Every structure is written in structure tokens, then in C-alpha cells.
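Per-chain residue numbering starts at 1, and chain names A, B, C and D are given in the order in which the chains are listed.
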Amino acid sequence: MNHAIILISCPDQRGITAAVTGFIYEHNGNIVHADQHIDNQSNKFFMRIEWELDGFKIAQDEIKKTFSAIAERFRMDWNLYFTQQKKNVAVFVSKPLHCLQDILLRFEQGQFACNICLIVSNHEDARPMAERAGIPFYYFPISSENKAEQESKQLQLLRENAVDLIVLARYHQILSRSFVDAYPQRIINIHHSFLPAFQGRDPYDQAFRQGVKIIGATSHFVVEALDAGPIIEQDTVRVSHRDTTDDFKSKGQDLEKAVLSKTLRWALDNKILSYECKTVVFD
Amino acid sequence: MNHAIILISCPDQRGITAAVTGFIYEHNGNIVHADQHIDNQSNKFFMRIEWELDGFKIAQDEIKKTFSAIAERFRMDWNLYFTQQKKNVAVFVSKPLHCLQDILLRFEQGQFACNICLIVSNHEDARPMAERAGIPFYYFPISSENKAEQESKQLQLLRENAVDLIVLARYHQILSRSFVDAYPQRIINIHHSFLPAFQGRDPYDQAFRQGVKIIGATSHFVVEALDAGPIIEQDTVRVSHRDTTDDFKSKGQDLEKAVLSKTLRWALDNKILSYECKTVVFD
Amino acid sequence: MNHAIILISCPDQRGITAAVTGFIYEHNGNIVHADQHIDNQSNKFFMRIEWELDGFKIAQDEIKKTFSAIAERFRMDWNLYFTQQKKNVAVFVSKPLHCLQDILLRFEQGQFACNICLIVSNHEDARPMAERAGIPFYYFPISSENKAEQESKQLQLLRENAVDLIVLARYHQILSRSFVDAYPQRIINIHHSFLPAFQGRDPYDQAFRQGVKIIGATSHFVVEALDAGPIIEQDTVRVSHRDTTDDFKSKGQDLEKAVLSKTLRWALDNKILSYECKTVVFD
Amino acid sequence: MNHAIILISCPDQRGITAAVTGFIYEHNGNIVHADQHIDNQSNKFFMRIEWELDGFKIAQDEIKKTFSAIAERFRMDWNLYFTQQKKNVAVFVSKPLHCLQDILLRFEQGQFACNICLIVSNHEDARPMAERAGIPFYYFPISSENKAEQESKQLQLLRENAVDLIVLARYHQILSRSFVDAYPQRIINIHHSFLPAFQGRDPYDQAFRQGVKIIGATSHFVVEALDAGPIIEQDTVRVSHRDTTDDFKSKGQDLEKAVLSKTLRWALDNKILSYECKTVVFD
């Protein structure tokens, strides 16, 4: 069954929900999910609404145009999605492969409604895993000299594949501003710490030296500043003096996988809205 | 500021949200919270909607009548609340006083928007705590002989105080069917286990003997069957072989307090809907 | 580096620790881990001690005999292990393969110091996964008629492979008493509920119908009674009215994997002692 | 029943456990708890051992001298405690009173085996609570001018009361180096964030602005640098876009209370050892 989903951000004001739900009802749509949130501090309104297209009286390719009148009236930032239009996803990865492996497994099990159309790496390590999964693998070794050039080739590749969403599944290269700007709110990163603690390199070693009693993992949208984009999801696990750095890594990797797969599912289901440096997740 | 809240359960069908939000918008209401849920298995629709009465064009005491037309059209079970009408709460307690104490502390700190109008017990232990808090205390010793008589006196007292909500904060008496029927979905109990495990007496001892590695606490609406009403909230905490039954009790009591206070806040904010043996909590 | 590990259970009495650590020191052993626990209710003493064999003055194959004098003096139940003697593990599985898959992945990543020498199933589903991992797969279809016969063939196979530990990674057959008795405290099961709640079939469906707000997974030693052996580990995850039974299953399967892999690691590291219906885990 | 407890830190070497447990056994002591830990990276050995004095053949006031020979042999940092010698505790607090209140409640319920001999504040807010509990209250208003003078009066007061342990239960003054040096590893602070994230002022506001999905609380020993001493315990709780800063505070305060009371219990039971910037907690 095909559903339409609209994601909305706009200044809060009277009548938004009535207008949106009225629009759907008037054209015989059946709402299956509706979530809204008002941030009183910024006076912003957020909404995710999903309805069945079966019986809906506006043709799928006319919905955008028809809804525009409402969107303009309320000065909405908005996007329209259809559940039958699967997103094209590219996974970027460096040497640690546990997150990629977890994504591929869940993908095989049908947990992710998307096309994983390419795997990109600055190392060769992931190639066998990609080949086993039957997904094209692209190797882009990165040095300070060739970085700009390689990124522009990567962007070319992403465009050719009409990629909608980029997942950095432990990709240890900082993306340039122009790369990030090409995919705003469409690049997801997993960082192996409880951000904002332990940004940058080797967060498990940092955490171990600090003697923390809990470690974490954080998924976020990528912005230009390192490990600083809007946080989407976090989770934590208890450690003790008995745990070595290897134990930190092993416990942490399980967290990373869980947080990243949850985030990817939300992204594919169009459940994440970001504003300022924050996110609203309609879980 | 006074807000109106409507809680709705009804068969799912097209147009409910449009009708409800249209009603509010048409009379110049400003929605501040809206949550809805559709249970596809039972084809039921649930909604909680809250709007500001400031500027609303229907007088507060006319809203019920005016909304009835919509309610009838969709065959709604529904209730209307106003945030300025604080609920009258009765707390029932036996010998362990930690939950009562926690409720009174949070009440003093302004966490509960209600009137705690009486404390009822089958023992004298809670009297000093009640007196310190300045809340009337009623002692109803219960035996198998006098139970029916005492319950009818309790019901009389509850009616005289126009009690809206009864909190069993570790009250170790089974309420009769007629008592429960007088306050449907309006009696909350805290049970000191992760239900449905360890119903009945001494759940911490049961858990200890069983050698579980996690213990829990559960809040639920009271129905006639013991510890079997719709679950509202649960939480768990880790235990180990190092923990004695006293440790189980001490860790568990902290859980009980946390779960019960969360539940009471939800109940006072009209965030809980129950159906069949389940609850929808619009957290 | 080879280490020796002794696991001890005995009546509590003065001098046990002094005797055991004195024995190791006297023969020039270097203790790397020592844990002990006294259960005051049953007056039982438990110990796990691990020391380096490098420089130890008793030959490896003489340790058992030499230590026996101490063991007899304190009436110990005890076992001696060497970290270089990897356990032989058999995995039993039925149709759901997520636990098997997780075990094989972690095994490949070097998280389990053991030999997985065979995979047994009452269905053919796991065969490809076993073959990909290069582990012998044995198919034993089970009916009420052939059960005794099949079990005796399985036991034969286990003996031939000198299996030390059996992991039921979602094996949906009840083992007979004689089977269980052949591997006391050496068969680990994962049950997909927070035991003792929801024993038996379809625990996620049971949990869903019950309307719980938290689900769990439990690992335990297998005894004759179904889902009733000593609990080794449990974990829980929050669910809400928004979760369907499929969501329960998906969240629960991640728990199952985490709990079972933790338990297997403990078992391989000889960190679990069981007594009565409980376990001591020297984590 | 009186127990002796020895806490030990020393370079790791053969024979420590054998020597310590041999000493206790030789003089007819009955060990009730023994925990040890070896940090392989720093090659340090840590031990906590507790034994019954009933029947022990060395007089209580001779134990220290007698054990010294062993301590010197292994170059131990060590301390001897007796469970019947309750620690004298001073609680420092500023305006938020929830942690103080929680400590006093648990103290009344018998959860803390100590004497709370004084409550110190730079504000008058806690006076009524102190008086209700019958604990002397001392008001030391602090300004940049009088800080050194007030601290020296506080130290005088602490000495007069033979205070063993200082609990900063949300005391919003930075202690000077000389103050901290007078009570090394004997001043416990609760910080209302998941350290090292959000040090300093208003961590809940910082966390809110950052858009984190989990908040935390951290207890630590106080050193001269702000919020930087060895971490003893941490805990976290989930927040969402629906939570306001007030919700962050309310959820966080429950964490603070839980973490601080756990830490205080461990400190009173002599279960915490600190080294470098870390702690070993023999929980």
C-alpha cells in the first residue's frame, strides 16, 4: 500500500492542523499517523502526517501542487514523500566494518525499506563485504593532496546514482563544506561517544583515560564543524574499572550499531525534522 | 492560563482529526498539544488534544454541549478537562510509607497540580506524615468481618470529598468489585514487581528466590482481579548475586517511587487512555 | 599466555581464601583475577581465581591432583580450566536465525575463544549459514515419534565431538530429562521474555496482549522444567502503545542477541557458577 | 557485629592476596567480603577485604600495628576501618535542596550508617530542613572578599567535629586548593551533567541548547580543578524534543539524588579507591 507523508516546519499559528487534516479529509484521505510538536521557546510548529493514497482523490503527482496553497499560507518548510518511493542510500565506511555489517544484515532481513546503491570507502577493507552483498563498491583513497578532487568524484557518483541519503558508518574523513552543503540534513554520522563529550579521534581511549562509568554513542546530521551537527539519537552503556579499552570498544560497537540502525530506520521513514542545532524525532 | 483538554477513543474512520481540529480552529482556539494513535489491530482511534481557552469563542461551560455533535457523529468515548480544575486526589496506604512520602514531597515542590484531599489507611503508621503535611488522615482498620462496612464508609468519604482519582501508594488490601466499579480507570496502583511476573504478596522475596537479574515496578489501573489491570508504566533495575532481599527492597522502592510519581503526573495531565487491558500514554 | 582458572563452591568456613591463594603463591603463581562471594542465607562460599601458569612450579597436568588436598579439606565442588584449552561448542537452532548469525559474526571477529564444532537443527533453514561459516551442519527433524531416537543420535554426535557446551540459540524443542542430565549446567538457552513472565510459546505475542511497557530476554541453564533453569542474564527494553508485535519482535531480537552473546562469553571464560535455582556471575 | 575493613592500593606483585588472607586466617578472622582488582596498564593492585572481629585474636587497637609489617613488605597505601566506627559527615548545600532532602530522608530510614553532624550553606534556605532533622546548621555567606576567611572558619568547624567525609549536595561554591588538600579523596560532589560534558554552570541549560537525547548526573571526588576529579558514579536518563528545560531539571534532579545517595553509601562502606584520575568501586 502506498502512503503519502508530509513533514512540516513553520512558525506556530492557529489553524495549521485543521488546514492540513482538513485538506486530507476533504480529498478522502485516511490518516494513519499524525504527530505534531510545538516548540514554545522558538514558537515553531512541527508536523509529520501520513495517509493512505488508496481512495485519495488527488493524483499522486498533483499532491505537491495542490498542497502548495496551504504551505504558502502558513509559510511552511515542507517535504512530501511516498512510501513506495524508496530512498537511494550510499554508505561511506573506513576500516572498522561492524556498522556496515550490521546495516547489511538488517537490510537483508528487510528492516530497511531503501536501495543501498553504493558503498564508498577510503580503504579496501570493506570490498569483500560489499561484494558478498552484491552492492557496488567504490574505493577513493584520500590524501591531503587529492581530497578536493576525490570528493568531487564522489559527488559525481552520488548524483549519478540519485542518492537521497548518505550514511557515514564509521567513515573517518572530515567532509568539506561544499560536500556537506550538497546534502543538507541528508548525511548521517555515527560518533562513538556520548556527544558533546569526546569529540574527534579515539573517543574510547579518551573515555577510558577519563575514568567514566558510562560510555555512549551518538548519531547526528553532518554539518561542517566536526561532530557538531544536530543530534538524532544517543544511547549509553555502563562500564566499570574492570573494563579495558578493548571492552569499551566492544561494548561501544554494539551501541554504535544499535543507534545507527535506529537512526537509519527513522530517516527512511521520514521521522526526523531538524531545526537550529536540534532534531525533532517523531518516534 | 486555562487550557481545555479532550480525550477521545472511538472506532477509526476518516475525518476525525479534521473535525476535532476544525472545531477548535473555527472557534479561534490555539492548539498547544495534539497526539493521536491508531491501533490497527482493534481499528481504534485515540486522541488527546489541548488548546488555550484565552480567545476561544465558546464559553467554558458551553464547550461540552457544543462538542457533543462531533462526538456523536464519530461515536466517541470522550472526556473534557480544564487545566484550572485541579483533580481531587485520595491516597491510600498501608505500612510502607516511602511512596506516600515521595508523593507528598513532590506535591510540596509543585510537581503535582492537584488537591491531595485525604489520606486513607488500614494502619496508623501514616498519620504523623499526613499531619505534618496538613492533610486529613482517616484510619479504617480492615478485617474480613468489617471489610464491606469499612469500604462503604470509605466510598462515602470519597464522595463527600468529590474525589476524582485514588492512588494506592502501597495499600495492601484488595478492593471489592463494587468499590472498583465506583471509580473505573480512576484507581491507580503501584505493584512492586515487573508484572505479570510476581503478582500478589512479597514480590521481592519471590524475585530473590527466583534468582532474577533485573527487578521492576509496575503501575496499573485497578480492576477486580488482583494485579491485573491495564499497565500504565513499568521500570526496571539491575540486581546481582551480591544483592540481598533487603537490597532488592531498597532498589525496588526507588523504582516504585519513580514509576508511581510519573504515573500520577500523567493521570493529572489527562495523558492516559485505557482500552481492553492496555493503555495509551501520550507522554 | 596460558592461565589456570579454578571455580569453587563449598560451605563457607574460615581459611578458604587463605588456603587457595596460599597454594598459588607457594608454587609461584601470579594471580590475575580473584572473585569471591558468600551467600549468607545458604552459608555458601563461591570463588573464581585465575593465575598465570608461566613460572608456576606445578606442571599443568599435576595441578588437579595437587589441589585436591585443599579441595577435600573444604569439601569443595570445583573445576579446573586452562585458557588455552578452548571449549567445544555446539549450537542448536530452529527457524529464527538471528541469534545464530550474531554468534557466528562475533566468533569471526574473535570475540569467542572456543571451537564452534557443530550446528544442529530440526529444520534446514540454518544450513546455508552454517556452510558459509564452514561449520558442520546436522539436520535432525523431530516428531513425537522419533524424538527419543533423534536425541540419542544427537547425544552420540555431541560425544564424538567432545562437546563441552551446548547453546540453544532459539531451538524450539523441549529437551528430555536424560538429554539435560547428560550436560548439567552445560546447556544454555535464550528465552525471548523477561522470565518468569511469559514462559513457553510466543512470548512476544503474550507480552503484546498483556500491554506491558517493557519487554525482556533471559538466558538460563536448561533444566528439565521448561524455561525454569537458573537465570544467568536478563535485559530489558522499553516499548509503547506505538509498537506492534513486529516491533516487539524486532526490538526483542536485538536483546536476545545481546544477552546470549554476553552469556556465551561468560560461559567460555568460566565466570558462571550455579547453585539451587540461581547463578553467581563473576562479571 | 563489628567488622574490620582494609582498603589497599599497591604495585601488583605475587603473594599479596595470600599474605592478607593468611594474616586474617592465622588470627582466626572470618572473611565476609573480599574484592580485588588488578589494573594491568598501571600494574596496580587494589583490594578491599572485610572480616568479622568476633573471635579475631588481635585486639582491635593492635590490628593497625600488626598489619603494618605486611603493608610495608608490599609498599601498600592502605587504610583500616571498623564498621562500628561511624563516619562523621558534613553536608554542604546552596539553594537547591532536593539532594539534601533525599540524604536526610534516607538517613532517617537507616540507609546511611554515619553521623550527619553538620549542614553548611552559603544561603539560609536549608536552615528549616536542617532544624527539622535536628542537625546543626551553619550559615557562611561567601563573597570574593571573605571567601578565604570563611573557608578557614569552615575548616575549623570541620576539625572540631572530627568530620571524616564532606558531601557537596549541590554546593555552588568552588573550594580553594588548600580546602581540598585538607580532605583528599574525602570530599564528594554531585554534578548535574554527564561529565566531562557540560562542566561548570547551568549544565541543564547547556544540554538543552545542545539538543542532547540523554542527560546525566555524575558524582566525583573533588580536586582543585572544577568538575574534574575522579568520577565515582554516573547515571543517565532519556529526554526528547518534548522535554523543556524544566523537564530536564526535574528528570535530572531524580538522577542526582540517586547517584549521590549511591555514592554516599559506597563511601560510608569504604568501597571506593581512587588512583590517578579514576576510581575503583567494589560494588
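The criterion applied here is as follows: contacts are C-beta pairs under 8 Å (C-beta built on N, C-alpha and C of every residue); 3 or more make two chains touch, one makes a residue touch a chain.
Not measured: the values here are computed from a predicted model.
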Considering only chains that satisfy the touch condition with chain A, which of them also satisfy it with chain D?
B, C
Farthest chain from chain C, comparing Cα centres?
B
Which of the two pairs, B-C or C-D, is linked by more C-beta contacts?
B-C
Taking each chain's centre as the mean position of its Cα atoms, how many Å separate chain C from chain D?
37
Centroid distance [mean C-alpha coordinates] between chain C and chain B, Å
42
Multi-chain contact sites of chain C, meaning residues that touch two or more partners
242, 283
Touch list for chain C against partner chain B, complex:
37, 39-41, 194-198, 209-214, 216, 230-236, 240-242, 244, 276-281, 283
Complex interface listing, chain A residues touching chain B:
14-15, 17-19, 21-22, 24-26, 28-36, 38
In the complex, the residues of chain C that touch chain A are 98, 101, 105, 109, 111, 242, 250, 254, 258, 283
